[in-house]
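You will see chain A twice below: alongside chain B first, and alongside chain C after that.
Entry: the complex of A and B
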């Protein structure tokens, strides 16, 4: 890379459970709000930003140009170009790398990467018979023909089709896939509930300390993450019934992420340009690696980041012990647990092409301000939440501090990014 | 809006109210506008201060009509826009007759939203001289109460050694619509070095921090200062971040979500500025809260929270920003503006805690001003009276209407009126104005 790319800072809306306080907001609204908060924090109102890249996983057809439209609704100069990207739950991290790579190549001085999702305003489609009837009616040349078309309508045709969160090639939902992984890696209920409790405790402490004062801007009257349960405990979580893995399953609503609404954005810049502009710099984006596994033939759907982690560390000549902080996206508590087990498993690591086991990290350095279990996980937003959060944490630890972000995604994919504090 | 308020503000209601003596309040002149009629200058004695200052401002002026003392009173013909009386040379009680002689025709011929501006001296010299200085104050306050149609009267005391350069920003402010809701007031201009030249965009390139900027008066301050060229750092509590961001984006400034009572608030403001600019040119301590209860029902928590937010936090922030070793602190020649309140100066039932904090702000700026003079830093406060905001809109209608009309302009002020006064105090040309508390209250009937 020719140019050093730095994370200037970030902004997000508070996250909330779908159907909750942000249910009236569309992806367009959420993304615009996240952008406007970022623009206000860094004094970008009326300026032309090099490019804005964002995406949403659950996207209405009308949002074919979601990011550009949000830019036009925002306080940015209308001459700011934009594009939509999508890589399932890694979208916010992929948009980060898209902008970062352009900056590194000297094509941009600065840009904004973002992601948004709303499970409250998911695109609901109509059944195939209803679609055919509507098409026929619209093509009809007479009232009689139109009536004839509608006469075929049956009540069952009217049931809306919600988007399915399942893998097209296996027919299994993400939770069902993770239940297989949970069993294969023998992740206990207790391990999972501990991760969930720790996520809530850490996030609550971060809010309490004012950590999010310059990372979150309230939206629609919601000032804090609404999924957060500071008082949750092992006892309270132990009472929940399993939702994946059958009656003897260990995955519950308490240790799985909730369907969420929210948006996040991160401001990236060429290091020299940021300095010229009097903008702060938190951390440098060092490298990124994407990986995929063959889940249709049985590979663990959400463990693709393991291979990416091994490869990126090898390329950088670093070991996992060199990481001061690590963020592993909590798709499910058991994803984090299985990832940590896989890192230490020589056989697994070599089976995905690595030279050996990745190793282990001190749990005190993992997800130190909580992660998706407590915060929520609006799919495309999570990556753009993680980047500024980790950048700020590393910056607070001092120059040279290193951190790694690991995000799993649908389709058996995983994206890993390395940051280093400046 | 209550049924009563709807009825009162309907066309029929307005007519009935007018018959009952509650006429439509006069329209005030606002913004960077001068009176439409001519400015008349009356120099009593041999002072040229008023003339020199008007010349410096590039404002032409005319000679006054003098009253002979009998009827009929000689008139001006057309309405005049303002009368500036340079009374800085007056020292004897019998000379006050000269003041009467220029005021009598002028108050009869003054246009709506016109200006009477008295220039006097601070109370120094012998017993009679000091008595005369105070007499001007009584005249100003009374003229302000007698003037109609939104016209105002104010007294500016110019200390010996302060010349046109020091007075220019003040005279311009009082002449212009910016001082719309400042009436019957007296404040002082001191000698000062390095006074910036007068400008209509005085805050160009200056970094101004405004606390409590998310709404109401704070948002108006941000907008008004941005109009005058300032780069705004808009501060408010994190929970108000959504409207704070909207204000910051509107004025192309930056938003800083911060609880000013946090121990590190000053350091965080400095750090925010340090990355972006050389330092802070001015800070407006506008953030404030009320926790109203009669004293008999005021517990320690209500007491403490109001004092903490309205007074203690700004003392703590000032301490950090005034430390010359802090990057992003207040620069030499900088400005500190506090927001007091007529409730603090006059007292207000149910607001002991609030009055303590706001009178405390007035005391604080008076105490700090002399100590910071050597660094060219001025410290002043505004004291708003009844201002139309979301906060005052919650007062029951009848009570609100009474508050509105309890001043010489028969109406509530607007947030922009407070903002304009703050802008004047922040002006680099206002170097000679320090340790002052300027009320923005339309000459509220209560208060000293």
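Entry: the complex of A and C
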């Protein structure tokens, strides 16, 4: 990379369970709120930012230009261009790399990467046959042809369709896929519940210490993440019934992420430009690697980041022990547990093309301010939540501190990003 | 194929042929026509291929899946066994296995010559097995061969009872789950033009001994092939065995694994313990 790219800072809305305190807000509303908070924090009002990239996983057809429309609603100069990107749960991390790469190439001095999602305002669509009939009717040139199109209409065509939560190629939901992984890697209920408890404890402590004061802006009367349960315990989680993996399953609502509403944004800049502008620089974006697995024929859907982690460390000549902090997105507690097991598994690592096992990390360096189980997981927003969070944590530890973000995504994909404090 | 051929301008309409095929044959001795049925230089409707692809889960491409080529020959199966010289009726017969070879990628708009003959009538413990042997040519080049084996109950053939073709199955955890909606039989009928009412009508399904309508075996075959579409080579042979009828609506498991040069797949019960269909692809 020709130019050093730094994370200046971030901003997000508090996250909430779908149908909760943010239920009235659309993706447009949430994204605009996250952008405006960032603009206010870094004095960007009325200025032209190089580019804004954002995305949403659950997206209405009317939001084909979601990000540009949010920019036009925000305090940014209307001359700020924008584009929409999407890579399922890795969207917010992929938008970060899109902007970072443009800065690295000298195409931008600064830009904003973001993501938003609301499961409260999910798009409901019409059935495939009804859509085809409507398209045929609108293309028809005569009343007779239009009638002929409508004559094919059947009552069953009229049922509305909620967005599919299944992997299209397997018909299994993400939780059901993770249940297969949970069994294959023999992840126990206790391991999962411990990860969940620690996520809530860490997030509660971070809020308590004021860590999020310059990362979150209150929205619609909500000042704090609404899913967080500081008082949760192993005993309380042990009472929950399994929701994936059948009656003997170990995955519960307590150790799986909730459907969530929220948006997050991160300000990225050329290091030299940020210095000229008097903007802070928390951490440098070092590298990124994306990977995918063949889940339709049985590979673990959410373990694609393992191959990405091995490849990025090899390329940088680093080992996992060189990482001072690690963020593994908690899609499910079991995803984190299985990822850590896979890192240590020589056979698995070589089967995905790595030279050997990745190794192990000290649990005290993992998800130190909590992750998606406690915070919530508005799909596209999570990556843009993680980048400023880890950048700030590394910055606090001092220059040269290194960190890794690992995010799994639908479709058997995974994205890993390396940061280094400046 | 050196047998005498009856040449048709287009694949015959299935309604009348099926009505005829529903009439019980008076003869208990199994007989099959000696001639082949042929449709020459015919191009199928691209819109029907598109809908077939949607119903079965194939990506719509410029080249067609081999199961689509089978579907094109199917009216000739019905036509042939509805012939006066046949005492084996397709309605009521059970499709037990299928094998087809795609010799080269076949374009969606190629002019095809379709030929089907009945062959290899043999005794089985429950009646008779018969092969409907199809071939598709482009000009003189053979591009596709297919053999559909049916079991006709209650008819007699001389000789030693033959065994049903059998593909191996091992239980295992499904990698996928398909939900088959109640109207799937109707949707597949509209693209396959197979009007057999056991796939769409509860009453007719009961009349043939099924508690609910059953999905066409060739849909299940096509769906399984579609699930592996990125692993299919340019030309290959695929075999399937139908173990059990699949009732609609229903939920089934799907699993695939490789073993040397063979790609195995199975459509199973939800828990992966029992097979509905087993498939093997030679690559």
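By definition in this document, the second predicted complex is superposed on the first by the 389 of 422 C-alpha atoms of A that agree within 3 Å, B and C clash if a C-alpha of one lies under 4 Å from a C-alpha of the other, contacts with A are read in each partner's own complex, and residues count from 1 in each chain.
Here is the rule we use: a residue touches a chain if its C-beta (ideal position, glycine included) is under 8 Å from a C-beta of that chain, and two chains touch if they have at least 3 such contacts.
Keep in mind it's a predicted model, so treat the numbers as computed, not measured.
**Student:** Based on the shared chain A superposition, would you classify chain B and chain C as clashing or fitting together?
**Tutor:** Pair status: fit.
**Student:** I'd like to know which partner A:155 touches here: chain B for first, chain C for second, both or neither.
**Tutor:** neither
**Student:** With both structures fitted on chain A, tell me whether chain B or chain C touches more of chain A's residues.
**Tutor:** Higher number of touched chain A residues: B.
**Student:** Taking the superposition on A as described, I'd like to know which of chain B and chain C A:298 touches: first, second, both or neither.
**Tutor:** Touch status of A:298: second partner only.
**Student:** Looking at A:278, would you say it contacts chain B, chain C, both, or neither? Reply first, second, both or neither.
**Tutor:** After superposition on chain A, A:278 lies in contact with chain B alone.
**Student:** After superposition on the shared chain, which partner residues are touched by A:37: those of chain B (first), chain C (second), both, or neither?
**Tutor:** In the superposition, A:37 contacts chain B only.
**Student:** Taking C-alpha centres, what angle do chain B and chain C open up at chain A, rounded to the nearest 10 degrees?
**Tutor:** Superposed on A, the angle at chain A reads 150 degrees.
**Student:** Please state the minimum Cα-Cα separation between chain B and chain C in the superposed model, rounded to the nearest whole Å.
**Tutor:** Chain B and chain C, overlaid via chain A, are at closest 45 Å apart by C-alpha.
**Student:** Going by the contact rule set out above, which residues of chain A touch chain C in the complex?
**Tutor:** 128, 156, 169-172, 176, 180, 295-298
**Student:** Can you tell me which positions in chain C touch chain A when the two form their complex?
**Tutor:** Against chain A, chain C makes touches at 54, 173, 175-179, 183, 227-228, 231, 254-257.
**Student:** Write out the stretch or stretches of chain A touching chain B in their complex.
**Tutor:** Result: residues 33, 36-37, 39-43, 45-46, 75, 210, 212-214, 216-221, 223, 278-280 of chain A touch chain B.
**Student:** Going by the contact rule set out above, which residues of chain B touch chain A in the complex?
**Tutor:** Interface residues on the chain B side: 231, 234, 238-242, 244-246, 248-259, 262, 275-277.
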